[in-house]
């Protein structure tokens, strides 16, 4: 009896689905021209209550224009929510795409390439456009970005008579001078998304630019890893976890270190959690190959399965227009992705100049689908280096072979 | 009263005189129909909302679906996912092996601890002479009510270098204890062997490999970070199992106990001869749920460690999440789930056999 | 029991109870701390400068009343369904003799053995096919029956002496009457346990609302709605602990209340004298 009932439910559902699929178009025939009167759905994750409020306001502004209506959903567990929607075949029309998810989404064919459809696409930083390009197609315009730079405690450096370091040697000297008992001069998270800046500064990287080959075994990589490991061994640098905190901002704020490597988001955290600590931002010291850092970004993706692609593109164009970008980023630490807005953004926060400067030489922290396993292996190795229970050669070889498994090279 | 004595002697399971055959077949037939009717709505619910997704997941495990596009974009790959996890040497296999190893120590540590503690607490809280039962019952149950966020926050303040655990240990042991619990990857067994001078893999243990890990690595024991999570797990789950034991204890008819008292049995005899056997179904319940729950541990890893430090808190359930939602490898994710499924069935089967043999 | 021994026993017990409860005291205190104090004095069980910002955020500036109503609707509905359906099934598995009984119980256990996280997307696909998305039915029906509940009730039914049902059957009651009038009242501790655990489980459900009603905020339940507050930024750097903990305390509160209310009934257990000669 229950099988009969279940069959009935399924067949009823199937009939309904077929009926729905029969009518209505699939929206893929849009050439130019603006579609109007569409209702769009958008998924986003929360950055902070203040930023969410600005997002809602900007969407209100767009809705008032009367062309289309956008319904926003700010969701927790964003990756799971987005993936479920995509798997079900009825994704939101517009959604946030984290740069490290771009390759997976692009490969699975979920994104409509709209990168070139916005106003003045050359205005966006090239490194960011690269982050959102996969197999030669530029998929979506970045909404803002962050870079990693050196964040330091102003008073501590002044007391030790130390200037913010600009080379590796100066960094070692500064870390040494700032180290007190149980208080390393530099603390950073033991993971690729921090240590990677040193690889960039030495001219190395886990893969080649096209992410087709593993290059962990190149000399600059070992050099960079050894440099940071030695700093840890000598006690001048440490893993943030080793000083009992979770990330660099907490370590800096609680006085567990004098310098850390973090991104723009540290500004908000310092203001709310550690308002009494005076901090400064300097560009990361240059290594043997020059300056290097990593960029993190998010873009507005339009779903390929969307039925309102033209309307969605119109909405995205609105969001990344210079005026709206400025509105989004003016009061917040995230930086506008348009180069032309850099000066205006810095106007009332000149102390954050270093973060903006990073936009010119940052490396994208993006690889290929399925690379997370390799990054995890590298992180595993870096944790061992920081703790002192793994040699650099082992980390290099284990990451290299893990990467070969994924890249097939 | 006669029935009471029969029960007290522990012969609860034996039925009274069987009904005559003709009556039995009628009862049998009615029971057959009633059985299916009673169970039908539940089966409908389970079938639709649990069994169907499970079968779908099983089917997915034989495909290479990314999970980011509808199912029809995936292709069939036979047993490749299972091969990658179990047989093909590579980082997928060694990660899976590490997760199995870590989870095994977790199961072996947490299940006995939470079962024993829950039982002891239930017996205490059931004691007629205890004053303030309601307070104690509520207090011990409280951690089970909590959510992962609160637990993560509590964990951080308990196990941070200046946290409560270190403060207590510093008070009890000479010198100050400043271990950063969440950051210690050394396995417990390795650590203990280190105290007696065995610092690295002796001979063959280091050479032979199983699923990508040397035997020495398999024998590492749970890392300090994992031990901290296990302690936290026991703290949060004991209350729920205490509740079940309590209900089981309450299920025992009072006059069974009274009859034994009249018969002159000591508290100890009463406990071992009457209470324990009657608690067998509840014990089976608690152990089975414990084994199932521990082999599926995910929330704490997700909220607190993401598998670190150095992959010593990686568990299969967390791998399922990582492969499915971060690595866009849903097929592999499903394959992991069904391997764990098989492991759980084996453990449950063994446990059931051990308990049954006690007749 | 000599007085000293008794006093020590109570002392140990109370210390243990406090150890179990203290972390919540701390969480509660943290909800009244301003954020910078949380960073500098996380261990103090009282706020140095009490601040009601977190509670305002949660209670006033959010859809808290709506979420609570939704949660109550879903939880009470699902709990009642579970009470009824799980015990029916548990009884059938424990006491009735029918073909396929072993197989069905094996199925119940097998369902439990699959890690739930892997079912996230498959469940979504099934619910989508059944047109249950963005609805209350989609939140309640999947929760109406659970394998753990069936398992629990089966074990508790098995713990009962069979004589009672035999007696009732001989007295002429049919199977359902036996079940409803004689057996069910005897497993009251089991039913209470099932009520508490069902209430707790369905109240705390997070994944199901995520996949069913994430696109319809008017259906959001309390734990899901609360998880949208206070979190932000990548990787927890800007977590607003007072707000998050306030949210989690609100989530815990109803379950705790249910427990406190129902656990009284544990004292009145099986009716003695039910087993008559």
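Just so it is clear, A, B and C label the chains in written order, and each chain counts residues from 1 on its own.
FYI, contacts are C-beta pairs under 8 Å (C-beta built on N, C-alpha and C of every residue); 3 or more make two chains touch, one makes a residue touch a chain.
As the structure is a computational prediction, the values presented were derived from the model and not from experiment.
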item	value
Reference subunit C; chain at largest CA-centroid distance	A
Pair with more cross-chain C-beta pairs in contact, given B-C and A-B	B-C
Whole-Å gap between the CA centroids of subunit A and subunit B	37
Centroid distance [mean C-alpha coordinates] between subunit C and subunit B, Å	18
Contacts with 2+ other chains: residues of subunit B	43-44, 48, 67, 71, 156, 160, 162, 324, 330
Subunit C, residues touching no fewer than two other chains	120-121, 125, 130
In subunit A, residues with contacts to at least two other chains	9, 80, 83, 87-88, 246
Residues of subunit B defined as touching subunit A within the complex	40, 43-44, 47-48, 66-71, 73, 90-92, 95, 156, 160-162, 180, 182-183, 185, 307-311, 322, 324-330
List of subunit A residues in touch with subunit C within their complex	9-10, 13-14, 16-17, 41, 46-49, 51-52, 73-77, 80-81, 83-85, 87-88, 90, 92, 246-247, 249-250, 253-254, 265-266, 268-269, 272-276, 296
Of all residues in subunit B, those that touch subunit C in their complex	1-4, 7, 12-13, 15-16, 27-28, 30-36, 38-39, 41-46, 48-54, 56-57, 60, 67, 71, 124, 133-147, 149-150, 153-154, 156-158, 160, 162-164, 235, 239-240, 243-244, 246-248, 250-255, 258, 278-279, 281-282, 284-285, 288-289, 292, 295-296, 298, 316-317, 320-321, 324, 330, 333-334, 336-338, 340-341, 344-345, 348
Partner subunit A, residues of subunit C touching it in the complex	35-36, 38-40, 57, 120-121, 124-125, 128-131, 207, 210-211, 214-215, 217, 224, 227-229, 231-238, 240
Sites on subunit A touched by subunit B in the complex	1-2, 5-6, 9, 79-80, 83, 86-89, 104-105, 107-110, 239, 241-244, 246, 369-370, 372-374, 376-377, 379-380, 383-384, 387, 389, 398, 401-402, 405-406
